[in-house]
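Encoded as C-alpha cells, the structure appears first; notes follow it.
Letters A, B, C, D, E and F mark the chains as written, and numbering starts fresh at 1 in each.
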Amino acid sequence: MKAKLQEFLKEDIGSGDITSELVVPAKARAKGRIVCKERCVLAGVSEAGAVFEELGARIVKIKKDGSRIGRGDVVLEVEGAARGILAGERLALNFVMRMSGVATLTHDLVAKCRKVNPKVRVAATRKTTPGFREFEKKAVVIGGGDPHRAGLFDAVLIKDNHIKMAGGVIEALRRAKSGSFTKKIEIEVENATDARTAVKNGADIVMLDNFGPDEVRKLSAELRKINSDVLIEASGGIRPENIEQYAAGADIISLGLLTHSVKSIDFSMEIEKA
Amino acid sequence: MKAKLQEFLKEDIGSGDITSELVVPAKARAKGRIVCKERCVLAGVSEAGAVFEELGARIVKIKKDGSRIGRGDVVLEVEGAARGILAGERLALNFVMRMSGVATLTHDLVAKCRKVNPKVRVAATRKTTPGFREFEKKAVVIGGGDPHRAGLFDAVLIKDNHIKMAGGVIEALRRAKSGSFTKKIEIEVENATDARTAVKNGADIVMLDNFGPDEVRKLSAELRKINSDVLIEASGGIRPENIEQYAAGADIISLGLLTHSVKSIDFSMEIEKA
Amino acid sequence: MKAKLQEFLKEDIGSGDITSELVVPAKARAKGRIVCKERCVLAGVSEAGAVFEELGARIVKIKKDGSRIGRGDVVLEVEGAARGILAGERLALNFVMRMSGVATLTHDLVAKCRKVNPKVRVAATRKTTPGFREFEKKAVVIGGGDPHRAGLFDAVLIKDNHIKMAGGVIEALRRAKSGSFTKKIEIEVENATDARTAVKNGADIVMLDNFGPDEVRKLSAELRKINSDVLIEASGGIRPENIEQYAAGADIISLGLLTHSVKSIDFSMEIEKA
Amino acid sequence: MKAKLQEFLKEDIGSGDITSELVVPAKARAKGRIVCKERCVLAGVSEAGAVFEELGARIVKIKKDGSRIGRGDVVLEVEGAARGILAGERLALNFVMRMSGVATLTHDLVAKCRKVNPKVRVAATRKTTPGFREFEKKAVVIGGGDPHRAGLFDAVLIKDNHIKMAGGVIEALRRAKSGSFTKKIEIEVENATDARTAVKNGADIVMLDNFGPDEVRKLSAELRKINSDVLIEASGGIRPENIEQYAAGADIISLGLLTHSVKSIDFSMEIEKA
Amino acid sequence: MKAKLQEFLKEDIGSGDITSELVVPAKARAKGRIVCKERCVLAGVSEAGAVFEELGARIVKIKKDGSRIGRGDVVLEVEGAARGILAGERLALNFVMRMSGVATLTHDLVAKCRKVNPKVRVAATRKTTPGFREFEKKAVVIGGGDPHRAGLFDAVLIKDNHIKMAGGVIEALRRAKSGSFTKKIEIEVENATDARTAVKNGADIVMLDNFGPDEVRKLSAELRKINSDVLIEASGGIRPENIEQYAAGADIISLGLLTHSVKSIDFSMEIEKA
Amino acid sequence: MKAKLQEFLKEDIGSGDITSELVVPAKARAKGRIVCKERCVLAGVSEAGAVFEELGARIVKIKKDGSRIGRGDVVLEVEGAARGILAGERLALNFVMRMSGVATLTHDLVAKCRKVNPKVRVAATRKTTPGFREFEKKAVVIGGGDPHRAGLFDAVLIKDNHIKMAGGVIEALRRAKSGSFTKKIEIEVENATDARTAVKNGADIVMLDNFGPDEVRKLSAELRKINSDVLIEASGGIRPENIEQYAAGADIISLGLLTHSVKSIDFSMEIEKA
C-alpha cells in the first residue's frame, strides 16, 4: 500500500504544495480531525491514517473500518507538522469519502438480500476505477460483500467473448480444465441450454448473464440437480430496486455499480494549531 | 500516459490472464468493437484505443472524444491478437464508462448554467479518485468544464485551514504574495467581511464557500466594485438542482460531484474472430 | 515481461558495456546464433529473442519453446548492431540455460510418473529464485508440469503454521470458507486424522506432507470415499528416485527441486560480422 | 537491497496473502525460527532477517553469514505480527536455501584448490540468475570465492566474439588500452599463440578458455616469463572432479556452475504464537 | 525528495562501494564534518544531511540553509557507521557545492538590483540541469531569487515559437485565455509593437526578450499606462555586468546563468573514528 | 538512457504542457532546428535527438558529437508534431548547452597539456551534478578526457578518510588487495613518504593530492623507479592557469571543475510550420 500512497501523494503534491510553503510556517504544528457528515459504513480510514503517517504525522485516535457512523462522528485525529497535515488532507478525505461510499452501498444491498436468503453473496466485478481497484474491492469486503476476482490472474472466468474465440462452451471448458488444479472454473452463459452444458462439462461456477429473477430461480434448481456443488452467480441488469428478487435463486449476485457508480459520503477535515 | 496505462494493465493482468491463456489459441486474431448503450458525451475513447495499442492491436476506427452519441454507436474498432484484445477489454471499458460519465454530467451542468450566464465556468475540484485524476480532469474539460488546479503544485489556493494556521486573511495573503509572480492567488472565505478583506488585500480570485445563490450575486457585485478584475468562485452546497441559481452571480461554479459521485455510462465490447 | 527484461539488462550493463564500447566499432553489424550443447527440452528462447529485440536486433530464426533438441541445434539467430548483440549475449544465454534446465527436469519427471498414472500432475512450488519466478514457473509448464500457485495472492493454501495460528484444522477451514467463492481451499496435513477432518470440513485439495508412497495410496482411496471430488497432493521427501511410487496414489505430486536445485543446460553463442 | 526486497515481496504477495488474511487474526503475534536441515556454510541469513524487518517483525537472534552450521541449528529467530511472518516465510527461506547452496559449493571447491595452491582464487562468472546476481555473487564471496566482474560495466573482458568483431587480438587490445586508466584489461584466448600475443600486447589478465590442466600449467609459466605481473585465469570445462588439477597452474579458476547449477540447502521455518 | 536521494545514491554506489567494503571494517563508526572553504550563501545542507540520514547516520549539528558563511565554518556534523558516511560523502558535497554556488550568485545579483529597485525580482529559468531542477530552483529561492515556472505544467508562457505556430500574438492570447482561470498568462515578445498588442489583449505578464535596458525602461512605463497591473519581465542578454541597468525598468529580471553556468563553492569533508 | 530521458521529460512536462495544449493545434506539424551561437566542441546532440524521438518526432539531420563547430551551425533538425517539438525544446537545449560546455572545456585543457606531454590524460572526478553524471562523463570523453571512475562500484580508490579509518596506508592497501583480482588499486596520498610506501605496497595508481607541479615531477620519477608500471595522478589545486605545469610529471591530471563549474555554450532553437 505504501507505494500506492506515495504515488497518490505525488499526483497531488507534485513539485510542491506551494500554498502551504508560502502561508504556513515550516515549524507550525497542528491537530487535524476528520469528521463524518452523514450516516454510513466507514471505510478508508486506515488508508487516511496511513497518508498522514507517510507525511510524518502521528495518529491520535482512529475509528475502525466497518463502523456504523453518523453525522458529527470523528473518525480520525492526527497531530504533526501543519504543512504535512495540510498536504495530506485532500488525499485522506478522498480515500474516506469514496471507500465509505462503496462500503455503505454494499452494506445496504447485502442487508436487503440477506432478508431473502441469508447465505447469498453480493459480489463486485472488475468494473473498478483504474489504479484504485484494491481499495474499492476492500471497501466492498468491509461492506459485507464478496470481492470476486482481484484481476485476470487469480481465477478462470470464461466470458462470452472467450466462448466465441474457443468455439463453444464445451471446448472452452475442456481447455480450461487443462489449467492448474488450483483454480476453479467459472463460465458466463446467456441461455439455459448453455448453462446445462456448462454444469455437465465440469464448470464450478455458472454465471447467468442477463436472466430475469424467475429464470434464475428455476434454472438454479435444475442446475443443482446436475451437480449439487455448482455455484450460481446472477449478473447483468441487477439494480438496487430488483436485487432482492435475485437473492432467492442465486448463490452470488454480482453488480458493477458497487464500484462504478457510487455516491461519495461527505466528510470534512478540521485543522487547528497544536 | 503510457506509464499509467502500463500500471493499470498490470493491476488487472498481474501474473497473467489465465483464462485467455488456457481458452484462446495464442495465434487467434480478433476484431473488437466498443458499443455505446445510452446517450452521452463520449470521453476516454482515446485512452481505450491506447490500451489496445499497448497490447499490440491496431485501431481500425475511432470516434472523437467529445462526440454526442447514443445507443448502438460504435466508438472504437480494433483488430489484433485475440488474447491482447481480451486482456484489454475491461480496462478500455473502464476508461470509456467512467470518463463518459464525468463528461456527460459536466456537459449537462454547463448547458444549464450557460442559459443563465454564457460566460460562467463550471469547474472541478481535487475531489478525484486517487491515481486517476488526470483522466477525470480531462473528462471535465471534454464536457466543457474547467479543470481547476491540477494539484497542490500549480496554483495558490488559501483555504480555511491555511487561514487558521497563518493567523488571518490579511497575513495569509501577505505571505502568499511573496511567492512567485507567476501564480495567481485564490482564497476561500466563509463570510462577506472576509471576502471584502481578501479583495482589498490583493486576492486574484475569491472562493465563496457555502454561500446562498442570492448572497453570491449581491456580494459579487460589491466585490467587483473594489476590483473589477477579481474573479468570484462559488463552491459548497451546489447541486444539479440549484446550480442555475448560482450561475447569475459567480464567474466560476465548482463542484466536487463532477468527479466524486458520477454514474458510469454503459458501454459493452463485442469480439469476433478476424 | 518488458519491464523485467529492462531490469535484467540494467543489472548486467549498468553504467555501460565498457568492453564493447572500446573494442567494437559503434557501426559494426553482426549475426549471432545460440547453439545447444546437450539434449534437452528447450525453454527461455522466446525470452532470449526478446532480449535482443530490446537491444535493437532482429530475430532471423527461432525454435519453439518446448522443442526436444540436441547438441548442435541452433535455437535462435539474430542480426543487428554488434554492440547490442554482445550486450545481450549473457542475459539471453542465462534465460535459455536456466529455463531449459527446469523444463528438461520437469519433462523427465512427468514422463516417469505418467507411465504409472497418465493423469497425475507434477507441480512446482513457491521455492523459486526471488525475482525470477514467472520464468521458472513458465519453464515448468513448458516441461509439462503444473505451475501451482503464482504466489500468495491467487489460491488459498493453509499450511502447518497457519493451522497453528488459527487453532486447528476445523477452525482454519471454517475461516477460509468465508473468503471469496472464487477460490479453492487447499490444506496441508501431517497425519491421516487431520486429512480426514480436512475432507469432511470442505477442503477442495488436501496436501499430504511427508507421507510415504504407500500411505499416500491408501489414504487417498479413503479420502475419495468421503468426497469423490477431493484432490490429493503429495509433497515433501519426493525425489527423482522415488517419484514414480507416489504417482499411483496422488492426483498431484509437488517438488521444490523443480525450481530450486536445477542443473543448467549448456548453450553457447557464436557471433560473426554481418 | 531494500528495493530488491520490496520487489521480491511483491512478486510473492501481489494483491495480498489471501490465506493469512482469512485464517490468521490481524492482531495475532508470532515467533518464527529458521532451522537448518543439513551441513552447510550459511549465507543469505541477513537477507532473510531484512525480509522480516521489512514486514514489521523484529530480529531476536541471528547467526552470522559464513558460519559453518549443521542439522538443527537455528539461524534466525524473529518476532512480530503473525501475518507478517507468514508472508515473509517463503522469501526468507528462498534466500537462505539458495545462497547457502552457493556458499557451500564455493567453500568446498576453494578448500580443494587451496590444498594444491594456497593463493589460487576460485571465481564466479556472469552466469547468474537474472535479477538475483548481487545475492549469488555475495554468496560466492561468503564461501571464500572471488566475485569476478559485477557486470559489463566494471571491468574490461575481451571475449572471443569481441576479438572477431575487432579484427584480432592485437587490435582489440590496442583499442581497449585507450579506455580509462582505472580499468584492468582481461582477454580470453583459445590457443597458446594468442595467449602469448595478449601478454606481449599489454593484457593484465589472460583467460585460458578450455585448456587442459597441463596446458594451463605449462603456458602459465611461459606467460609469466613475458610479464611477471600477468594473471592467468583458467575457465571452461572445469568441474568439481578436475578442479584441483587446474589449481597448480592458474592464479584464478572460474566456473559458471558456482551460480548456475547449485543444489539448495534445506532449511525450514517453525512458527508459534507469541 | 527521498526518491531523488535514493536515485542519486544509486548512481554513485551502484552495485556497491567496493573500496570501503574492503578497507573499512563493517562495524567501524565515524564522525564527519563538512567544512566551508570560501565565502558564500549556504544552500544544499539540508539535502546533505538527508543523504547521511538515508545511509543510517545521525545529524549532530547543522547550519541553516541561507546562512552567510566563510572559510572554516562547519556546516554539518554527522555520526554513524563509517561505511555509510564514506558512501554519502561525495553526494552530500555535490549538493552543498552546487546549491551554494547557485544561491551565492543569486544573492549577489539580487543585492545589486535591489540597490536600484528594491521591489525587483531576479528570476531563474528552465535552463537547469536535467533531473536536478528542484534543487537548483530551491537554491535560487534561498539566494533571494524567484523560481519562475517549475515546468511546463504550472504556468502559461507563450514564447516566440508558440506565436509562430498559433499565427500571431492576438490569436495566441485568445486561445490561452480559454484555459483554466487559475493560470496567469505570460507572453514573450521581441518588439514594442507586439508588447503593446499583448497588453491590450489581456496578457498578465510581458517578457521583453533581448531589449536594451533603456528600451525596457521606456516601454515598461508605456505598457503600465495601458494596464497598471501588467508585470514586465526582462530577459535575454542580461549579465552580471549589466543587470543593474535593467533593474530600473522591469518588475522581473530573468537569467539562465543563475542555473546553467555556475561556479561551485568549495567545501570538504573530514572524517575521523568515533 | 531512455529511462533517464523519460524522467527528465517528466520533470519538465509533469501534468502537461499547458501552454502548447492551449495555443498550438493538436494536429499542427513543425520543423525545428538547433543552432549554435558560439565556438565549441559539440556534445549532447545525440541526447537532444533522442528527446525529440521520444516525443514522436523524426531526426532529419544531426551533426556528430565531437564536431568542432561555430556560430550559426545547425546541429540538429527535427520534424514532427508541433506540440512534441515544443515540449522537447528546453530539455534538448539543456543537454546540448551543458554537455558542449563540458566537452569544450575538457578539449581546451587537453590541448594545453598535450603540448607538454602528448601521453598525459586529463580526467574528470565524481564531482558531477547528481543524476546527470553519465552525461557529464560522456561529455568529458567527447572532449578527449578520461572519465575516471563511473562511481564507487567500478574501481578501488583509497582516499584520506579511508586511510584514517583503516589505520594507515599499508593496512589499507593490504585489505584492498584481498578484493577481486579484476580491480586496480588506487590510493590518494598527501606526502612523499606515503607515496613511496604506497608504491612499495602494491598500489597500481598513486594520486598525489595537492602537490605542487615540481613536486609532482620529481616524485613521479622517483616512484617510477620503484615500480615502472605505476601510474601517477595529480589532483587538487589544479586550474586552467597552472595545468600545463602538471602535465610534465603526471600520467593523469584530474580536475573537479571539468564537471562542477562549467559555463554552458549558447544554442537556440528555431521552429516553423512544416
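A few notes on this one:
Quick note on the criterion: a contact is a pair of C-beta atoms (placed from the backbone, for glycine too) under 8 Å apart; a residue touches a chain by one contact, two chains touch by 3 or more.
Remember, it's a predicted structure, so these values are computed and weren't measured experimentally.
Each step here moves to a touching chain, and the least such steps from subunit B to subunit C number 1. Shared contacts of subunit B and subunit D, meaning chains that touch the two of them, come down to A, C, E, F.
Relative to subunit B, the most remote chain by averaged C-alpha coordinates is D.
Chain centres here are means of the Cα atoms, and by that rule the chain farthest away from subunit C is E. The centroid of the Cα atoms in subunit C and the matching centroid in subunit E are 53 Å apart.
The distance from the centre of subunit B to the centre of subunit E, with each centre set as the mean of the Cα atoms, comes to 33 Å.
Those residues of subunit C in touch with two or more other chains are numbered 14-16, 134, 150-151, 153-155, 180, 183. The touch graph of the protein chains shown is complete.
Every residue of subunit B that touches subunit C in the complex is listed here, in rising order: 6, 14-16.
Of all residues in subunit E, those touching subunit F in their complex are 4, 7-8, 11-25, 28, 30, 82, 86-87, 89-91, 93-95, 97-98, 101, 126-135, 150-159, 161-162, 164-166, 172, 175-176, 178-179, 183, 256-257, 260-264, 269-273. Those residues of subunit C whose C-beta lies close enough to touch subunit A in the complex are 121, 123, 146-150, 153-155, 180-184, 186, 205, 229, 231, 251-252.
Subunit C contributes residues 3, 134, 150-151, 153-154 to its touches with subunit B in the complex.
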